[in-house]
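Going in written order, the chains are labelled A, B, C, D, E and F, and every chain counts its residues from 1.
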Amino acid sequence: METSLVLQNVLTPPVLFFFLGLISVAVSSDLEIPAPLPKLFSLYLLLAIGFRGGFELQGGLNNQALFPSIVAAIAMSLAIPIICFIILRLKFDVFNSAAIAAAYGSISAVTFITAESFLKSQGIPFDGWMVAPLALMESPSIIVGLGLVKLCAPKNRPNTRIIKWRRILHESMLNGSVYLLLGSLIIGFLTAAHNPNGLEKIKPFTEGYLFYGVECFFLLDMGIVAAQRLPRLKQAGSFLILFAVLIPILNGCLGVFIAKQLLIGPGNALLFAVLCASASYLAVPTAMRMTVPEAKASYYISTTLGVTFPFNIVFGIPLYMSLVNNVLI
Amino acid sequence: METSLVLQNVLTPPVLFFFLGLISVAVSSDLEIPAPLPKLFSLYLLLAIGFRGGFELQGGLNNQALFPSIVAAIAMSLAIPIICFIILRLKFDVFNSAAIAAAYGSISAVTFITAESFLKSQGIPFDGWMVAPLALMESPSIIVGLGLVKLCAPKNRPNTRIIKWRRILHESMLNGSVYLLLGSLIIGFLTAAHNPNGLEKIKPFTEGYLFYGVECFFLLDMGIVAAQRLPRLKQAGSFLILFAVLIPILNGCLGVFIAKQLLIGPGNALLFAVLCASASYLAVPTAMRMTVPEAKASYYISTTLGVTFPFNIVFGIPLYMSLVNNVLI
Amino acid sequence: METSLVLQNVLTPPVLFFFLGLISVAVSSDLEIPAPLPKLFSLYLLLAIGFRGGFELQGGLNNQALFPSIVAAIAMSLAIPIICFIILRLKFDVFNSAAIAAAYGSISAVTFITAESFLKSQGIPFDGWMVAPLALMESPSIIVGLGLVKLCAPKNRPNTRIIKWRRILHESMLNGSVYLLLGSLIIGFLTAAHNPNGLEKIKPFTEGYLFYGVECFFLLDMGIVAAQRLPRLKQAGSFLILFAVLIPILNGCLGVFIAKQLLIGPGNALLFAVLCASASYLAVPTAMRMTVPEAKASYYISTTLGVTFPFNIVFGIPLYMSLVNNVLI
Amino acid sequence: MKRLDLIISERELDTIISALEKAEVPGYTVLKHATGRGPQTIVSEDMEFTGLGANAHVIVFCEGDILEKVKNHIGSTLSYYGGVAYVSDATEL
Amino acid sequence: MKRLDLIISERELDTIISALEKAEVPGYTVLKHATGRGPQTIVSEDMEFTGLGANAHVIVFCEGDILEKVKNHIGSTLSYYGGVAYVSDATEL
Amino acid sequence: MKRLDLIISERELDTIISALEKAEVPGYTVLKHATGRGPQTIVSEDMEFTGLGANAHVIVFCEGDILEKVKNHIGSTLSYYGGVAYVSDATEL
């Protein structure tokens, strides 16, 4: 990996604001973005990327690489939790292992957005419909995670805690973030197909500088949140911290390798790798909290938000990019 | 009414997001737009349409149709509550009848905005100063509603509950939403008259894609709110539900008929009909809650938000449009 | 001072919205901008002006006037608190005098922004890097204020209340507002230097109409807040009210006089005068509340927000402008 | 010492606060954005944007004799607009 | 009269409210956006955006006999998801 | 069991929480964005944006003997910055 790539990634406004947030906690400034403002940013980003994904999907329907990419993405979101589960079982019980594993099978939309910004500032083209795989990777990993609990949980789990498949489907498909993302994708698709006029009117809202600005703001907040998670990592132990750094690298490599088979070009390949490497802090934690209360929330949240997210934002993206450059070209 | 018009209306992003909100409650997703974000959207929309109305009014001062339209609008907002009151008294006491009647005499700014979006996507021209009638229809209907209570309330209403005219004027003119709308209208007017430079700078904020995007977001929330009102409608009974569907149709027809006399063209005619047909969920409920606590808030809120608003957004607008097309042309 | 300048200033949208807020309290409308929306506006404005200042600074590095302006600004933020302290000691104890004095040595970013809008609507050019002096005037005045307490406080101040220099530096440099402003400035600088591509993408977010719109919204809120402070001014007494009007005039004159020596042109001169004349309601009150709890918050907040801020917004800016015109030309 | 818990609509908050001041309470604390159900109404968060507002929870720590005065001053507001008021014992830490 | 203070996660609020309704409480008040620490978890404001939600503080004023019913209905939720429930005395003002 | 109600400025929240942890309370709940008036200051919502912050209402359910420790740890903060602390009786549901 060329260090210049890392530097070029770090010197984009979103990543710089992420550092500003990190540092504010380190020097104990009282900078704070009070609730529900982060929720506003998060809702907006999900709506915007969903909508954009939808109309790009409409335009990309004829693209040969679309369908294989989606299938590969879903396959990865099914496979990664199982791999992670096996590794995590070395140290953790079924509940914690399954919850953490599900988070790594799923994705982080903001990591994806940051990767897109990186590609843009590098002038590397990519396809907008890569949002479709993103939108379809949340649910499968939740299903696998909860399925693992259902199958592997100790037999003496009390009756009240038996998970029903109905419940699993509900949690995986109707979680607010997943629902908004998929819903906006469908709306974008329908609008592109039937109302080009309406599309023109809403496109600048979902793509223009407002998106970039909100991305910066949200990363500022994520910097604060990530830094606040760090002290709680001590509890988690070094095994988990190592896991949170090595697994994204492993998954990112896997992603690059698969992207090569898909012949989707270097831009899309980076995005695919980032989807594999990133871990969810929206849908999955919520679903796990509801159905697997035995798992410690601080484990699956501190690792994804406190380690994997910053790692990917700062080092992961340029790392996977240089992998893509060396493997694909 | 041509079903194609309904479909064209439904396939605009704002209406699609409204459905997304409705469905999220139906399938019990946990999608939520926490307070005070809806307030932010609502404040922004009021400020923006008020300001836009003000500068369009400045440009339209010479338009012959302006003054008659305003007079007709005020007349409607005085007449509709009386008609509604007479109908509602068949089933409800004076307090509930007056409160519901006042809501239907007033307007819903978001229904108006949605109608404008519909006109734009249909390529039908309309005048920006139609916001002036909108801004002037809130207060009169509140005055009529409270006047009806003052005149018709049973004589044994306790002394503490006697409404003073001063209070009525205060509630009708200085309600936060009315005040912001009228104030922004005046600011827009003054800016257009004295500071064309400042006007150019703020116009994109009040008209551009930000407006359209916030409209989508707000309708997403309104979908959630409307769906949450539905269960409470059972209490209200079928008379009220029927009322909430038929009265907008009646008022919409009246509106189209009057618009024909005003010779204001099909675009403006639709907007006028929508003003008549829509019901208030901002200023009127607040004023009624303060001055007529005997009226059940769930009646006047559930009907306007849970039935009339969705009806107008989805079916009403295309219905009035086809009426306009058949009556005016 | 020509009254026409006042009128031209008053008839800009931001100032009109400020009046709309003031009046809403006067007529007791229930218009309200609930927390944390004002915080959102404030964070956005700080981030945007900081970022803009940063990249303008990058472009203005070769400008001869830059360095002298910064030095003069810091000197003023050190001198003004001492002057104010001496005057205030006539009536107030050390704690209150120091706290109020520090506020007047510091700046109000929104007054600065309003002055920029005024310059733009007058077509008078100014330099974007004037944000750099702004960003560097908050901390020194806090240091002077707390230093004055440390030196002049009665010897019988209990041990727990002894202020440590470390604490003073922390409060003055790492206050959330100062930190965000300085941090965004550095990010803007770095982006301009290393990532022109990223700069183009974020510039419209920090400069475009969104900025102007949020400025209007924030001034609407400031109008409400200022008017709500007024009743508490009675407690403060006429000495303080007079102080809050005369001191900005004095400081503004001083500012114009110094700006003349700096040869920075009329636009920059107005901005410099406004920096001197305005008083802080963000960083300084927070720092004082933490370290000098003996000072009455209602004194330093009511004067800055309730008197000096409105005075500057409405009369001060055109007054300093006409001073600039008469002194500089 | 006594502790008074008042739950009323945010729209009546100013009236209630003035009444408390008239009764000369030593202080009070207000928590807004409360929701709930009473014998008369349901107050939900999703209606806050309309201007109807949510409930406010007002806490007052004061001597028992002040409570009588409070009762006189807020009684009419509570009976007109609804809301509840409960008293418990409390001692300073 | 008794006063019941329940502190639970916002995610379980609907379940708890239904349980209270089943126990036929005369009313309740909910304060959301509470944070805190219990024997099991730390709940902080900065995680609200993820959908995990903060805590809710539920206050119920009711007769003592209703509390037994409440206990039966909410017990399983509390033991499954955590949360605390305390009772004190209260009298109407 | 006892119930402790603390009302302090949000700016001192971290200090107070550390003090509670040092006193080894079993848990606590925090409600931010409280406003109010005390003998010394008025805290209103419209100043929150400046960074002054509003008040926080901290609730602790704990055994009586822990309260003594709490008192020792938070006393100086309360007397320096203001705020109130009251105790009532409570029993687990």
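Quick note on the criterion: a residue touches a chain if its C-beta (ideal position, glycine included) is under 8 Å from a C-beta of that chain, and two chains touch if they have at least 3 such contacts.
Remember, it's a predicted structure, so these values are computed and weren't measured experimentally.
Taking each chain's centre as the mean of its CA atoms, B is the chain most distant from chain F. Greatest centre-to-centre distance from chain C is found for E, with centres as Cα means. If you average the Cα atoms of chain B and of chain D, the two centres end up 33 Å apart. The mean-CA centres of chain B and chain C are about 41 angstrom from one another, to the nearest whole unit. Separating the centre of chain E from that of chain F, both taken as means of CA atoms, is a distance of 20 Å. Per-chain CA centroids place chain B at a distance of 45 Å from chain F.
Counting only residues that touch two or more partner chains, chain A has 30, 34-36, 39-40, 175-176, 208, 210, 286. For chain E, the set of residues that touch two or more other chains comprises 11, 31, 33, 45, 51, 88-89.
Contacts from chain C toward chain B in the complex involve residues 8, 11-13, 16-17, 20, 23-24, 27-37, 40, 117, 120-121, 123, 208-210, 212-213, 216-217, 220. Chain A meets chain E in the complex at residues 34-36, 38-39, 41-42, 160-161, 175-177, 221, 224-225, 228, 232, 281-283, 285-286, 289-290, 293, 297-298, 301. Residues 4-5, 7, 31, 33-39, 45, 55, 57, 67, 70-71, 84-89 of chain E are the ones that touch chain F when the two sit in their complex. Within the complex, the chain E residues that touch chain D are 1, 3, 26-33, 59, 61, 88-93.
On the chain F side of its complex with chain C, the touching residues are 9, 11, 33, 41-42, 44-52, 54, 76, 80-82.
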